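One chain, chain A, links the two complexes that follow: it is found with chain B in the first and with chain C in the second.
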Partner chain A sequence: MTSTVQAPVFNRGIDFSKPVFILLAAVLAVLVILPLFWLMVYSFTDIDRNVTFDNFIKLVTDRAMRRSFGIAIGMAALVGILACVVATPMAWLVARTDLPYARFVRILVTASFVTPPFLGAIAWEILAAPNSGILNILYRWIFGLTDGEFLFDIYTFTGLVFAISCYTFPYVFTLVANALDRVPSDLEDASSILGAKWLTTLRRVTFPMVVPAMLAGALIAILQALTMFGSPAILALPAGFHVITTKIWSLFQYPPKLELAAAAAIPLLLLTIILLRGQKWILGRKGYTVLGGKSGAPRVTELGKFKWLAVAFVFGILCLTVIFPYLALIKTAFTETIDAPLTWESFTLKHFNFVFFEFSATRLAVFNTLLLGVLTATICTVIALVVSYLVSRKSVAGAGILGVLATAPVAIPGIVLGVGLFLSYANPTFMLYGTLWILLIAFLTIEMPAGYQQLSSAFQGVHPELEEASRILGATRLKALWQITAPMLRTSVVATWCFVFIGTIRELSATILLTTANTKLVSVIIYDLNESGDLGAISVLGLLLLVVSFIVVYIASKMPLGAGRLQPRG
Partner chain B sequence: MWGKRTAFVALAGAMAWSVSVAHADGYEITPELVEAAKAEGTVVFYTATDVAVAEKLGKTFEEEYPGVKVQVERAGSERVFQRIGQEISTGIHNADVIETSDAVHFLMFKKEGWLASGLPANVLKDWPKEEQDADGQYAAYRAHLSVIAYRSDMIKDEEAPKSLADLLDPKWKGKMVKAHPGYSGTIMTATYAISQLLGWEYFEKLSAQDIMQVQSSTEPPKKLAQGERALQADGNEYNVFRLIDDGVPVKIVYATEGTPLVVGNAAVLAKAPHPNAAKLFYAYLFSQEAQQLNSDFGGLRSFHPGVKEKAGRTPIKDIKLLLPDSAGQEKEMENIKAKYEEYFGT
Partner chain C sequence: MAFVELVGLTKQFGSLAVVNKINLAIDKGNLVCLLGPSGCGKTTTLRLIAGFIEPSGGEIRVGGKRISAPGASAPPEARNMSMIFQSYALWPHMTVYENVAYGLRLRKLPKTEIRARVDEILAATKLSALGERYPSELSGGQQQRVSLARALVIKPETLLLDEPLSNLDANLREEMRFEIRRLHDEFRYTTVYVTHDQSEAMTTADLIVVMNQGIIEQSGTPEDIYQRPMSEFVARFIGGTNIFKGKKVGTDSVACAGGLVLRCASGDFADQGETAVSVRHHDILLFADKPASTDANWIAGTVTRQIYLGSHRDYLVSIPGGETVRTVAPITVAIPVGQQVWLNFPPEHCRALAH
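For the complex of A and B:
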């Protein structure tokens, strides 16, 4: 505008980088540091806020507490392993072989990703409770066995690991499948040209290239399992054991022990940080992934006679994670009781009638859930987009700190964050308790790491050349970001939005401490109904939640964003 | 957690109390009260009674007093308690009338000065003296029992347990369901009463029976209805009554050692946002109509002398009861939870 005589010619007239940076840093700092601050204060003080280490001493000396830590870690590790073992071959089959119905498989995996884990856990109660579980009833009927015999018992440690894995394996699947979509086939071609059999190529070339993605996925699965509240509350408590989240939750029962709860959260925090460090270390050593390569289409392996075996494997898994649980929910929604036979006499709409017309909380809860889902997804995606841009382009000194702030909440389990947020915002200064704002803040904090991780990895795949070109041609940073980078990242942005939306509507652990009568959410009513054993109503609400999620994800994936629209990869 | 406002709230409570001394013989529902309640339009009821029963009660009240809407907020006793604690300590006054099945809560509410004084006249006249607070801040809205029950199609009547001691028979291993004292006020009261009577050895032995552990005391009867377990070691009597009314083959056992009685108190909050509607609704809760509805539809026991129990239900006078001792229980709460976790794992 002023002159083109001087170089560099970047338009500095209205560059908002600095103010945006400061604003974001402030927002993120409040979101993240405030609850952590209160958590620290409570964990190191007694009830009168005098400094003490008693809470930690109690933590270490209490046998029940140590046990719940041990069980939680064991459970999370097994979930991680199971997720890798199941998801990696599945991802390979879908991405790199001529597996029939591969597209359909991807859709069903998305479905199990969209399913809230607590809903999955309830569905598995309906299927595999030792006496009333549908699968066990069938088992007894087929083999003519007496009451008391059963094939599966979901109320066990293994049952819990299984039920959590069903809804966390998509993390590994998605990351590995995406990596396999991207890994260029040159190296694999080279390997086979040099005489390697397909299995050798798979083992020595393809597999090592996706290891980082697999580990990253496993790590998310482990963290999810470790910090999950709903599924253990539904499956572990009846079995008579605690994991760390349910243990923390039990510390809120009368008389509440907030200090001990805060202290119990600290090891979980440290463990999460260690895991994240570990991931960095592994990724640092094995950085094979090639992004944005210009090679041709990925190699497709022909399965030949193994084709139907592969189909059986993949659909077997999908039956366990999606098909059986959904059928169980549908059946329960339309019949009187869960063990009622499937006949016309047992068909009923009374659960629908109860949920939509008699149960006063439904409408408000659905509205609140959708409103918060859309708001959180939109705000979170925008913030994450700008943060990852500032961080990856290092446009402002100290931008790295934003990345750290945006990632930090990942280390805070939802239930702990709920405590921290309650302590931070439910006081006379803020008076946010009882409003939707506190939930919005909670969801933004919880979802920020996921949003940021997704978008920052997407940014790393986009070379800054085009942005630079745009800026040389006179665009400001934000304009370049909006016109050039954002459209190129369209898929990632939409994916992030959906990811956050789904994460929000299925959140339960922080929500359970923060909702009140006027800020009810569907996830909370489902949990409350589970408490009183109304499985029919739960199934109706659960199906409603799923249908809404699918519709939103579908619409979002069709939404054009920004000026240019990239063709999907061939 | 309860914040610094306590002192202030206590002061307000003390003032309310001094006012109520003037009306020591209780209040009646007057046309002026009804008009004032209608002007407020809403009453918010925090309750631990089963959701269907509580919603039904709200509906009948709305029919009786059109113009006053009842907002029912139902959760387990300990959740209701946690919520009201969170709210009041942050200066939010959302609830008008509160009711839980854990009598200890009301000792604490009173200590914190959260309750308003003044009981309906009929309560002062008809209720046993030990079921109303000496300062008129709360009274027993309902009572129920924590009972043994079984599926009569899965267990033969002659084989069914008769006593708490019978539950220790190895033949019930893996067949029982039981609620949790840390979550349920009913079970906390029952656990204290039974541990006083039989000692903790009883629970130690019971824990070896491979029991399905649920949280709320409304849950064990529902697990019986599902057919997930054949026998409940404890759980609400009123939920079992309702299953029997629905035709589910379930039978109740009143243990020979005695059956724990659980009293659910109700109170108006000192800072109720709708004080007149609260007063009206509170008086309605203790009316013969509401108490009869609780009994018929909810299966709850009542202290109202005019309430008739449904045919087929054992009258409370014929049941050997273990009476609650909330002062003793309050001192033991921590110990009960710790012991329970030691034996049952959660």
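For the complex of A and C:
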């Protein structure tokens, strides 16, 4: 080994990072800033765009409007409390006790995560509508009561809180369970060795450490409830009351009051920002969050004679959130009517036939949904990938601004974005209303934060020295990216794609304001069919949505993790 | 002849100069250690040489050719250098063989030659049996050797090492120190080695460069640095030492607190202000009985701690003026705590430090 090989010869080439940076900054700025800009303009002007505060004055003086805000906030707060009360003990049982079937429980909780809330609301309509609800039919049958008697009424404020909680408690559950997984057992051992009894340790050490996770989860649940359109539209409107989101939607109905809608969206935007700030503050407090503790196996509590009580509690919850609703959807999809008995005679495929062959809107909607899902997932993943590369490797001065722009939409509720986009693009200049483009823009904006967060944490997992090692051995920046970084990120890229895809095909809050007869999506058709009461067809479409979602989740979870992973230095 | 030259090299992050106008010439085939506490600028200097960051001022020349200067730096891939990273930076999706062959494949060498050279270097680093393994299937020491093999196989003009042993346990670290020196003697690349571990630097380096707060405190052979430190920082950082402070008296003595006067055979004295005197632990002589003459370089003290360490005893002795002196004595000198002792500081081991 004496001769020295010459370093490879390079053409320095053009550095693409500057132009790419400028392009991305422009695209993201348009996605985020334009709708907010027009939202502001409309909310502070009258129909001739003269500056005025009338819209806000109308907002405050209108009793119905005030009521809808009050109801929405009350509902969201109750959802947050209910989610904590249910999810925290459940998370503890799953993460820290010898509860049987704990893995299965986690899978079912994921299932309620994947369930679009509006579909859950419809399933609960099938179960607990006062007259036609399956549970009420069973109640009347068991006790021999007459029509008109009922046990549950889902079309109430309580019913709405319940139906939303069913699909928001996983936020609390997941955060708390993860926190419990990571509380190192030495912390609890330290408490025991000092003489604390089991319950004292749980109360004084374990629980306080997961409180931030619980509160953070609760804030997200509250935020979801506050900004949700589907469930309130399905359950509250028949009950004769409004929440903020349905009120904004009603302002879009003929004759549209765009200025008022824009003004009504502003408080929702502010509330969202406050809630997210609160969440960040709670999670950001140092010393409270349990991070990367030593991987001592978490201590497991033996439930003993309480084991079956715990199983009953956990599966009771899962019955309410997943098992009953899914069974109800399956039953409705395969029988003539909701109240038809479960016999071979009542089995039918007519709803499938109707949905797939007779109902003209379906095929277009399925096509649109898949097209938008694939396009959004692909474009969003590509943009998020480049943005997180530029941000994490700081290869361009000011790259951080891209991260801020990509994260910003997280603070814009779907319906608020819907209003903003309508105002931005449904005008003679762009004429995008009624096209799939406006929906694509909406979905890209909504999904960008999630995509960016996933990929930027993936980039953080790839130690920069891995790329540098390739550079110093003679690879150009692009070559290092292609040969080293890309193969290691493959899993995360596929996972992000799937995540965005699922998010897109279930979106309703922004879609409902931007869709027209030609740009129907599956979620919108489900909502339309609900108004006409065709629950059989809804169940078929709902199951279709769920099956596609679960297949995609399954693919994402089965991605090979690549041969051998090197744990980079901590 | 200097091969790698740093001329007035400066790197600023904001208003903070992490590397401040340093000058250094490294001869071809030499192994130079950049040694210093964390945050002293040694890693930044290495990354400047590698080309991962661009200097804010000054320049770097290799073989007389300028490769780094503000606004005109060659990219890392064009420098014909190799680097060993603190995290090893082995690519988890490639086998040991693929990791090592990577640099040769980039150079588009014929397949047969790649195979021959990878086999050769794997043999030299005792990895021949592990070619088809993935990095995650190797122990820490094996990963370290793969990272060495990968860096050496391309026969770089310059080899850079960034704290390469800090992730290994103590035994392995000592073994790898000698391994690195052995491979260096075998291949004789111009090598820059960054570490904060002084014994690592002593074992491996031809030239030690002690850095502190972005500047070079002193550079010299390991013997130079240890025997003839130029500043209090270097004396403290390399090897344990006692520092006494006082005013210069006469031509070659320093009067310290508590009546201790130290005549120093070497070093620089400060004409104004304090002069520090450095005396290594093992250079101080300890006596249980009062000696005949105790005028200069002698002082009496009280034993405050004595520890048996197998090969010797470690003493702490407090002397008048509040100083505590650390010294070592043979096993046979066993003096209990609280007893009075006499300390002798031989002038040839007292080094005066002006700063």
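Rule of thumb we're sticking to: the second predicted complex is superposed on the first by the 415 of 570 C-alpha atoms of A that agree within 3 Å, B and C clash if a C-alpha of one lies under 4 Å from a C-alpha of the other, contacts with A are read in each partner's own complex, and residues count from 1 in each chain.
To be clear about the criterion, contacts are C-beta pairs under 8 Å (C-beta built on N, C-alpha and C of every residue); 3 or more make two chains touch, one makes a residue touch a chain.
Predicted model only: the values in this text are computed from it and were never measured.
Asker: For A:Ala397, is the partner it touches chain B (first), chain C (second), both, or none of the two (neither)?
Answerer: neither
Asker: Any idea whether chain B or chain C touches more of chain A?
Answerer: After superposing on chain A, more of chain A is contacted by B.
Asker: Just to be sure I read the superposition right, which of the two partners does A:Asp528 touch: chain B = first, chain C = second, or both, or neither?
Answerer: Touch partner of A:Asp528: chain B, not chain C.
Asker: After superposition on the shared chain, which partner residues are touched by A:Asp147: those of chain B (first), chain C (second), both, or neither?
Answerer: first
Asker: Touch check for A:Gly240: first (chain B), second (chain C), both, or neither?
Answerer: first
Asker: For A:Glu468, decide between first (touching chain B), second (touching chain C), both and neither.
Answerer: Only chain C is touched by A:Glu468; chain B is not.
Asker: One more residue to check, A:Leu199. First (chain B), second (chain C), both or neither?
Answerer: neither
Asker: Scan A:Pro256 for contacts with chain B and chain C and give back first, second, both or neither.
Answerer: A:Pro256: touches chain B, not chain C.
Asker: So chain A touches chain B in one structure and chain C in the other; where do those two contact lists coincide?
Answerer: Residues common to the chain A contacts of chain C and of chain B do not exist here, since the sets are disjoint.
Asker: Quick one: which bits of chain A touch chain B in the complex? Just the residue numbers, please.
Answerer: Contact set of chain A toward chain B: 64, 129-132, 147-148, 155, 236-242, 246, 250, 252-256, 258, 337-339, 358, 360, 422, 426-428, 431, 433-434, 513, 516-518, 528, 531-535.
Asker: Please name which positions on chain A make contact with chain C in the complex.
Answerer: 1, 3-8, 10, 12, 463, 465-466, 468-477, 479, 483-484, 487-488, 562-569
Asker: Okay, in this complex, where on chain B does chain A touch?
Answerer: The contact residues of chain B facing chain A are 1, 3, 44, 50-51, 55, 71-76, 78, 81-83, 85-87, 90-92, 94, 102, 104-105, 154, 174-175, 180, 182-183, 211-216, 218-219, 222-223, 225-230, 333-334, 337, 341-342, 344-346.
Asker: Which stretch or stretches of chain C touch chain A in the complex?
Answerer: For this pair, the touching residues of chain C are 50-52, 75-83, 85-93, 102-104, 106-109, 117, 120-121, 134-137, 143, 150-151, 154-157, 160, 167, 187.
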